[in-house]
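The two complexes that follow have chain A in common; it is paired with chain B in the first and with chain C in the second.
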Partner chain A sequence: MSSESQTFTEKYDLLGCIQCGRCTGGCPVTVRADLNVRQFVNNAYDEDKLEELSRLAEIWDCTACHTCAVRCPKGLKPLEVLIGLRTIIVESGKVEPTVRDALQSVLLEGNPWEKSRAMRTDWMEGLDVKIAEPGEPVENLFFVCCTIAYDPRVQAVARNIVRLLNKAGVDFAFLPEEESCCGSEVFTIGEEGLFEMLVEDNTEYLNEFKAERIVTLSPHCFTTYKTHYPDLKNPVIHYTQLLDELLEEGKLVWKGELQKKIVFHDPCYLGKQGGIYDEPRRLLKNIPGVELLEFDRSRERSLCCEGGGGKMWVESTSTKERLADVRIRDAKELDADIVAAACPFCVLTLEDAMKNLGYEEEMRVAEIMELLGEFVEA
Partner chain B sequence: MGNVLLLAEHRQGALRDITFEMMAIAPKVAEDMGGEVTALLIGSGMDDMAKKLSEYGVKVQVIDDPVFENFNAEKYQKVLSALIDEKKPAVLMTGQTAQGVDFMPALAVEKKLPLVAEAVGLEYVDGTLKATRQMYSGKVSASVAFKPAETYLVTIREGAVEAPEPAAAGSVEKIDSPFKEDITYRKFVEYIEAEVGDVDITQSEILIAVGRGLKEDKNMPLIEELAQGIKADVAGSRAATDAGWIPHDRQVGTSGKTVKPKLYLAMGISGAFQHVAGMKGAKTVVAINKDPEAPIFAVADYAIVDDMFKVVPALQEKLKELKG
Partner chain C sequence: MKTIVCIKYVPDTSEAEVKVNPDGKTVDNSRFSYDINDADNYAVEESVLIKEDKGGEVDVVSIGPKKSDVMIRMALAKGCDRAKRIEDERIADHDPLMVAKVLAGAIKSEEFDLIMTGCMANDDGHMSTGVALAEEVGVNHASMVKKVEVLDGKVKAHRELEGGLMEVVELELPAVLTIQTGINEPRYAPIRGIRQAQKKELSVAGLDDLSIDPAEVGAEASQVVLENLYIPEVESAAEFIEGEPEEKAEKLASILVKGGLV
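For the complex of A and B:
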């Protein structure tokens, strides 16, 4: 947490930067936007220049993928300088109406999609789901994520995990509709005050539950809880880790075969930020019939899909080809039948790109849980 | 005396639509209150506008002074404040516009007078002045009364009523400005015209939005022709703007614009959650899509499951028929 008296330079440790340029060199959005993160870190030393810098449109091109942070030899997070500049804009109220509405919706309804809180658990309809109660012991406490809860395209992720875990006899429960946004996008949009409030409220709320661990469905929630919630009592894992455990224990029984070539797209929040690379691959490789391919740019070098960093609410000024389109063309070159991801944002952006390129007939974009739901009999 | 003072709004030498729309409301209210309508024009060099206004059979009073060449809320407030004292109108009415909202609330506070903002109707019934306001996005109409006062202030929503045709000859009279000393703390700097051809889809009443189903740029004229026929603006999904068929500032969705037209025609749009979130304010949604499973149908009031290239010509045909 920042303290009021810190200067911008102190807060982001700007003097720690040696201006080597590895951040900009690796930044995936440089191929389509005029974003030079190294230059921003350099120019932000001058406090008088901050406001001017904050008005530059390219600060909204950053997808918060963290490639710059992974590559920084000094262990800094250059992207957070851009977030700090966004904070200046957010505080002045001069944000796009779509961003303003999303933030207001998080404050009022606990989700950025302007959906009613009362509808947060509608995805559970017809399913046998245990709802967690404070103080009642549960092994795996699930945090569903706003996008998976409300967007019909990705609700299958939650629905399939319920079916699968019920069959596997796993002790789990989902949070009731009081569950609120983790704040991942609030943080990257730069709404510092709202984010601090979410961290405080969510920490207090989640700590009321007696869970052995919290399982997140979206890597955005996963990384946000792990990175920004120091007082959370329970360990947080991503669902692919839980399923990988079940796989090892022999609790996943495959039905039928999937004679397909699958390439796994590492979501930035799961891989680069969460350090989870092998679990999703093991799960996919174990589906009978599957041939698992690899992108050239995979694991730590995975190409961002541009779904994060608040980009669901801010369009880039660039009209050059979207990175998701590049990713899908790469998959096409590999002759992949399915592009699998383990993140709702990646699924949405990649599927859009797949349709844009006209590959609907021959290619499929799927969340891992969609595939497992079809091929696992626990 | 129940006179109605109607402040006319004009910009760049032309009267705004709201001014004529208020002519559908003010004369009846004045008549029922036993008074007459005075239309007030504040500005500089407005002979043509004054003449046009007088054709509605009202008394037009003109304050013509170079200091009013450009709109300035503070100056307007000072003029209106003095005129309320002098003329004691029963009602002071203007539009719920960027101009009206800039001085009417301040005037209400200054004069301690009741104000009903954004009324869609005003009537005088059984000795009581009542305004109609819309609530809950137009789902509920509320009839509201004013706290008793000598003058009631009201702003009228734009486009709420249809402007009547000119009725009878009225009169034009120049009056002195009660505003004597110019102000310096708020100055007009520059008038910036919106870019030519720039459509603000957030304000459109009828929108045709195209998606990936348009397939290629050469199909755009078909849509534009239909848009012209039904006086619609054309917008698009992210796919349509990415493809360059639709300008980027006309993208509907969470990363584009949030729109609230009365009629939204979604053509060849599957209806991703992020698109639907941008159009949920639309009153009536008509969706055309080949895929019966397209999520857009979940939010559509009318669903047409067919090829848009078959449906659009059929619509055109019907439109011609209706227009005779």
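For the complex of A and C:
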């Protein structure tokens, strides 16, 4: 985090920009919204204009997919200029009610879904889960993610992991209900103060545990911990990396066959930001019977589902086709039976798109752990 | 313009299952999240909007536990100037009249133009505290207010009645307004604002500090006795009407007539 005394230009290294336009050229949102990130980087040099820029609705169209950062030849992060402008609005207090409620819920209950902290571990009911205790050694310490903990649609990700790791004899534990949001969406919404507080509190909290590594279920938590938590003692991995290790060691015992064509949708936070492309593919390919397809736009060119960047709480003003709809139509053209993802936001947005397009009968959107839960002995 | 805004810290019961404790008089609150009462949040925003427009000050008064300080700090971050939290277990807080007496006791020494509070609390839903408070402090009041216009020495209050009807009343100041949700869009209290608001005064007082006689606001004084809390039994019955459309319509009409519904 930068200090208060820095100017906006210094903080986002605006003078490092050569205005080549690769950011806007690559931005997936430009096809449906009026967002020109290069222009924002250019106009933000003028500190007197920042207020005015921050009031433009399109700053909320950015999904923080990081395509602009991946493509920037100068290694800048143009999207963070938009986040900086969001911060101006957030600090004035005049945000959308949905954003206000999500941020306030993070502060009061440790999750953006307005759920009680006391309900955070309800998903564990009926499962044999070891709860981590500070100072007690554990190999894999799991961080569950707010969405997976509370949203019944994706709770299976955590429940299946528990069953599968118990069967494979892996040493693991989950955090108790004191676990708080990693702040991924808080950061991209631009609530800088709250994000700084989360980084400080979570670092202190997580460092109390004697774990060899922290395993995250959501790529958003994964990337946020890796990128924004410099003082975290333990390495952080995504669950697909752990399962890939088990696959290698022959610890995943398959049952039955899945005679389906699966296409894997690279979540932006896992791929473009986390650099994880092969592990999820290996897991899917190894399910007996599966034929793994590829989108034309895959890996670092993967099309964003628009679930990140705080977009779960901000509706775009654009009425043009959603990117998730485009993605599902692409999958339909490939004749895929299943669109697999490894991110709760991708699952929710892609499934909505699939229903919106009326493909429920012939297509399925699934988190990788849902499929492994069905085809690995546990 | 000096405004006093009264706010309450309430549990959110919309998600968690509500369970009555074995004593039959309290609710198991271990799984609830707590926050500012919905309508009170709008009252805070309205008081800050008036301050931004007309100048002046806003004081917050709340009866509640220490953990409600976070809610009070948020109100201070939004633009309120100082706060008083009253904590005393002798208050019969199930009775809105007793609550109103305590609030009145806490603000009796203050000069004010307006007192605002939410029109209803999410937890007990009495809709009485604000009105009782007006009586206790001896000023005019308007309830269910959806729009406020501050005039010279007066306030014009638009009251939301049933059936979409609005009633416009003019009140001499000082006055109490109970605020309806939807009057404005409450702002967000950013963390940096909350931190800055740590500098603002938040005093904590008990009944003795406020020179309120506990005998006048305690269970003995209250004429409301909480006898029993229970979850109403869910009763439902569905009857499927079969037949051709005309037949169905006839059967349905006869059921409605028999039930005295038409």
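Rule of thumb we're sticking to: the second predicted complex is superposed on the first by the 377 of 378 C-alpha atoms of A that agree within 3 Å, B and C clash if a C-alpha of one lies under 4 Å from a C-alpha of the other, contacts with A are read in each partner's own complex, and residues count from 1 in each chain.
In this text, a contact is a pair of C-beta atoms (placed from the backbone, for glycine too) under 8 Å apart; a residue touches a chain by one contact, two chains touch by 3 or more.
All values reported here derive from a predicted model rather than from experimental measurement.
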Could you check whether chain B and chain C clash or fit when both are placed on chain A? clash
Touching partner for A:P97 - first (chain B), second (chain C), both, neither: both
Classify the contacts of A:L348 with the two partner chains as first (chain B alone), second (chain C alone), both, or neither. first
Name the chain, either chain B or chain C, that contacts more residues of chain A. C
Figure out whether A:L107 sits in contact with chain B (first) or chain C (second), or with both, or with neither. second
What stretch of chain C clashes with chain B when the complexes are fitted on chain A: 150-158, 204-212 or 222-230? 150-158
Dual-contact residues of chain A, meaning touching chain B and chain C, are 97, 114
In the complex, chain C touches chain A at residues 12, 15-16, 30-35, 70, 74, 78, 185-193, 195
Under the definition above, what is the set of chain B residues touching chain A in their complex? 212, 238-239, 242-244, 248, 251, 254-258, 270, 272-274, 277-278, 280, 295, 298
Going by the contact rule set out above, which residues of chain A touch chain C in the complex? 90-95, 97, 99-100, 103-105, 107-109, 114-119, 191-194, 196-197
Quick check on the complex: what are the chain A residues that touch chain B? 97-98, 101-102, 113-114, 150-153, 311-315, 319, 322, 348, 352, 355-356
